[in-house]
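Each of the next two complexes has chain A plus one other chain: chain B in the first, chain C in the second.
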Partner chain A sequence: MISNLIQRKIFTLLKVQYSNMLEYRVEIALWAISGVIPFFMLNIWTNNNLNESINISDVMLSRYFLCVFFVRQFSVVWVVFSFEEDSLMGKVSPYLIQPLNPFFRYLAQHLAEQITRFPFAIIIAFFFFIFNPGSIWIPNLGILLLSIISTFLSFLIQFLIQSIVACLCFWTEKASSIERLLFIPTLFLSGLLAPVASFPEYVKSWIYLTPFPYLIDFPANILSGNTTNISGGLSMQILWIILLFPVFRKIWFAGTKKYTAMGS
Partner chain B sequence: MKPRKYLKVYKKFLHTSLASEFEYKTNILIDLITAILSLIGSIFLLSIFFQNTSTIGGWEFEQALIIQGIYTILNGITNTWFNPNLTEIVKHIREGTLDFVLLKPIDSQFYISLKKINPSGFLEIMLGFCLLLYCIKINQINLNLGFLALSLITIMCSICILYSLWFFISTTTIWFVKTWNATEVLRSFLYIGRFPLNSFSFSLRIFFSVFIPIAFITTIPSEVFLGLSQLWKILLEGAVTIVFLTTSRKFWLFALKFYSSASS
Partner chain C sequence: MIKNIIDVKNLSKSFDIATKEPGLKGTIKHFFRRQSKSIKVIKDISFEIKEGEILGFLGANGAGKTTILKILCGLIYPSEGSILVSGYLPYKRKENFLKNITLIMGQKQQLIWDLPPIESFYLNASIYDLDKFEAKKRIKKLSDMLEIEDELFIPVRKLSLGQRMKSELLAALIHEPNILFLDEPTLGLDINAQRNLRKFLKKYNQETNATICLTSHYMKDITSLCKRVICVHNGSISYDGKLDLLLKKLSPIKEILIVCRSEEDAIKLENSGFTIKNKTKNEITIKVENTFITSSLKTILNNFDIEDLYINEPPIDEIIGKILIQKDYDI
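Let's turn to the complex of A and B:
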């Protein structure tokens, strides 16, 4: 009974958000295009033969960057920006009355957007293979499944971190600047611009203790077939989720207590 | 055109927008940290590229730092003026407030492009200048008046091209209403400006000189700094600047003909 109700809620939310997202196809296509930086990076790497020194062949590196593109496409999170707008506009108040944590709404929004984004990402990948026919490969089912799981876990980690930052809106009003600050280490340390394997030793020694390499580098390595410690990576991802979830709950409850609607 | 009137109006713009921005003092501090971290991140990335080679596309590490410096200055200018103003166009058009702008006895492009200012970008501009000064020292560039004038002219041209690009994209909002993401695409493409153009493959180089003139924005000013640039390139940059400025102006006036307020 209860699980049925939850299922119905989740299904309805997803359906509503999906039809909402389909309204903005052009916008989502543009989002997909704005994620092509990894391909430019690939161009720098291979055009200057920089990959020889890190023992990754041209083909493996192009697969890596294609997978980076995919992982990034399906783990982009913008909950801070939505929540900031909603809380400044006072839209959070009606959400709070509903018997459902508003973050489920945002979660459904993100998932629906990922489904809408999927065809565009496939089209971009198709063009990538036209220009790079040597790098075509078909990952086997197990690998595909593992990489989907790890991409989803990476999405959850980022969603939790951003939700924690979003809850700061209850105190500061402009939480998105904190998110922009957090985005910088994500950009440079997650493997989006250069594979973590190429990082100098003094960074590699501590980077695997932070969540960053598990956001993009790890799922992309699984999918592209580059060497990586699969069980270790997955358990680190789960560990980070277990660590972040109570923080989010705490800050959420503290924040809703602090929350006062506009005009009170 | 009455320059004195416009100067007076601009002073008022400065006053009001600075006053409203200084409401969020911690925000400015966070933005400063973001700018510093971002610069450190890109130098880190550059150092990864140069780990095992001494040149990329014919540029040494010390020379490539000049590009970073110029990019940082331009990014600061984007964050100070272009980003806060030109993203506002989207809001004006969606909410129909562009009517009020058009009714004012002042040039609409002037109003829309300079209304707001975000002081945290200044710090980024200063960071960029500090890096450039450091580069002048380590590259042993001897300063003279001709060199200074030339580099100032090329940087001014870059700023104008950058402005035209932003303005051009924002103008398309009149037809598409939601081009928030189009600016995001531009942003991600401009990211390439951090690297010397020669480090890309031939086809991308053509793309980045013709369609999105990143070559003119950061590479040519950097070549001027190193005294490598030929005269024809500088003249070409000047010509490109004039073409971009006039077409973006014409495009705005053309687009306004299609503006039909909200709900009509």
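Let's turn to the complex of A and C:
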């Protein structure tokens, strides 16, 4: 049954959403370009020699921020905004009476967008290497595979967190404002602005208990070749997915009971 | 005996609505202490619908027609009462139940805006577990019936409203549901598109014996499709029965325009005891109760020299207008 779901429904959804995303290729290129915050952060770190305080070389730091860029490109989630808009416009109603949870549609939308983003991310990486030739490296196949897995798990964690927040649309019309509360810890604790390694030890011990460092810092460290506890990190990612999934299901079922089909 | 496919008993639905007093004081009060009140939009209604029946829900805006449809298709939970649709509790949204129904809301679309409708059709086909061959066959059949073969490969955003609505119908019917819930399906369509849609629905009902529940403010939709109507007034059922019976009840009198050969005959007719509405030279309009139409016509034709006569039905929209504001019909 699950294989049928993945093979037929998800695959078709993915195909259709990919065709749809190709209609927006310029927009997606712009989105990819807009994700260059890690390069600005790299500039701030290297210009102020901040990397010396955490014993990371310039090369490793530039690889880290390039990997942050990559991980971010393939784990960015906006389901709360899509679901909120669809709820307000009454578009969720037809999805709710189809024998497929609407969140599979959003999942396929995100995956299709990631596939569309891929060439643009490669082009940006190419230009990055032109300006930073010292940072060029080719990760081995095992590392590449592990980083792809951990990036996908990071995407799933973010997708589940945002889906839980999105379900609050059943109670409040503006669930995205709740998501903004999560944006602040995501920004500071995920490794987007600074490697988590740069935080004081006692702060780190707390941060690692949250899902945030496993969203960007952990997959970026694997890909860039920085020292990291791979099995521990992957286990934590899987644990967060296992914890978040039932929460999502519970809030989804409670929410659909509250649904008033407004806007339709 | 035709079995009931929809069974509703003592159904009620309440919504909590936030209330706010006007002005700055009300806004501040609302900010610190939200107040809401429970509004009962559906009040203890019961009805059954037979398999293959086309039923129209009539009522003014906000009467509760759409809420009933949403409850029947499982979109919203009922507050009280019991509902069985095709043997299922709709709000449980079981896969087999969902494969049996469809909901079409006028002006609300499920087609992917930037892609041709064919992509949405294949997507829906996979959602409903249809293989590619079967999907192709059904798309062909339905597109023939709806006459939209040429539009299948044009992006939805480039289609006219009528073509989009037909495509919506195809997307909603690809899994061949047994029960169709249609909420204002002809909203915004031009006369021809409305007529074609009605023609299609009639044909679909005849070919598949599907049950159709319909709400519409276009009376032609109701009169040409539905034999039975349920009138909803403030969340309660004010009438449930045959449409023609309701129309007879609401318009018990017909008007007959009689053109006499001479003014003399017209004067004779004027003084013969009929209720006269108006008279001009040799033309007289009389009012006759429905039950006396035949006997009155006999009397007129036998006793007066008549050149022509016309029996006028009151406009259907006028009668339905009465339905929307009337609370009860004792029929």
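Brief remarks follow.
Keep this in mind: the second predicted complex is superposed on the first by the 256 of 264 C-alpha atoms of A that agree within 3 Å, B and C clash if a C-alpha of one lies under 4 Å from a C-alpha of the other, contacts with A are read in each partner's own complex, and residues count from 1 in each chain.
One rule holds in what follows: a contact is a pair of C-beta atoms (placed from the backbone, for glycine too) under 8 Å apart; a residue touches a chain by one contact, two chains touch by 3 or more.
Because the structure is predicted, anything quoted here is derived from the model rather than measured.
By the document's definition of touching, of the two partners only chain B reaches A:Leu187; chain C does not. Of the two partner chains placed by superposition, A:Ser235 touches none, neither chain B nor chain C. Of the two partner chains placed by superposition, only chain C is touched by A:Lys91; chain B is not.
When both complexes are overlaid on chain A, the residue A:Leu100 reaches chain C alone and has no touch with chain B.
In the superposed model, A:Ser205 makes contact with neither chain B nor chain C. Set against each other, chain B and chain C touch different numbers of residues in chain A, with B touching more.
In the superposition on chain A, A:Leu13 contacts chain C only, with no contact to chain B.
Annotation: chain A residues 24 touch chain B in one complex and chain C in the other. Chain contact summary for the complex, chain A toward chain C: residues 4, 8-9, 11-13, 16, 19-20, 23-24, 90-91, 93-100, 256-257, 259-261, 264. Those residues of chain A whose C-beta lies close enough to touch chain B in the complex are 24, 26-27, 30-31, 33-37, 40, 43-44, 47-50, 52-53, 172-174, 177-178, 180-181, 184-185, 187-188, 193-194, 198-200, 203. Chain C makes touch with chain A in their complex at residues 15, 70, 73-77, 91, 93, 95, 98-99, 101-103, 105, 108-110, 112, 114-115, 119-120, 122-124, 126-129, 172. Chain contact summary for the complex, chain B toward chain A: residues 24, 26-27, 30-31, 33-34, 37-38, 41-42, 44-45, 47-49, 51-53, 56-57, 176, 178-182, 184-185, 187-188, 191-192, 195, 199-201, 204.
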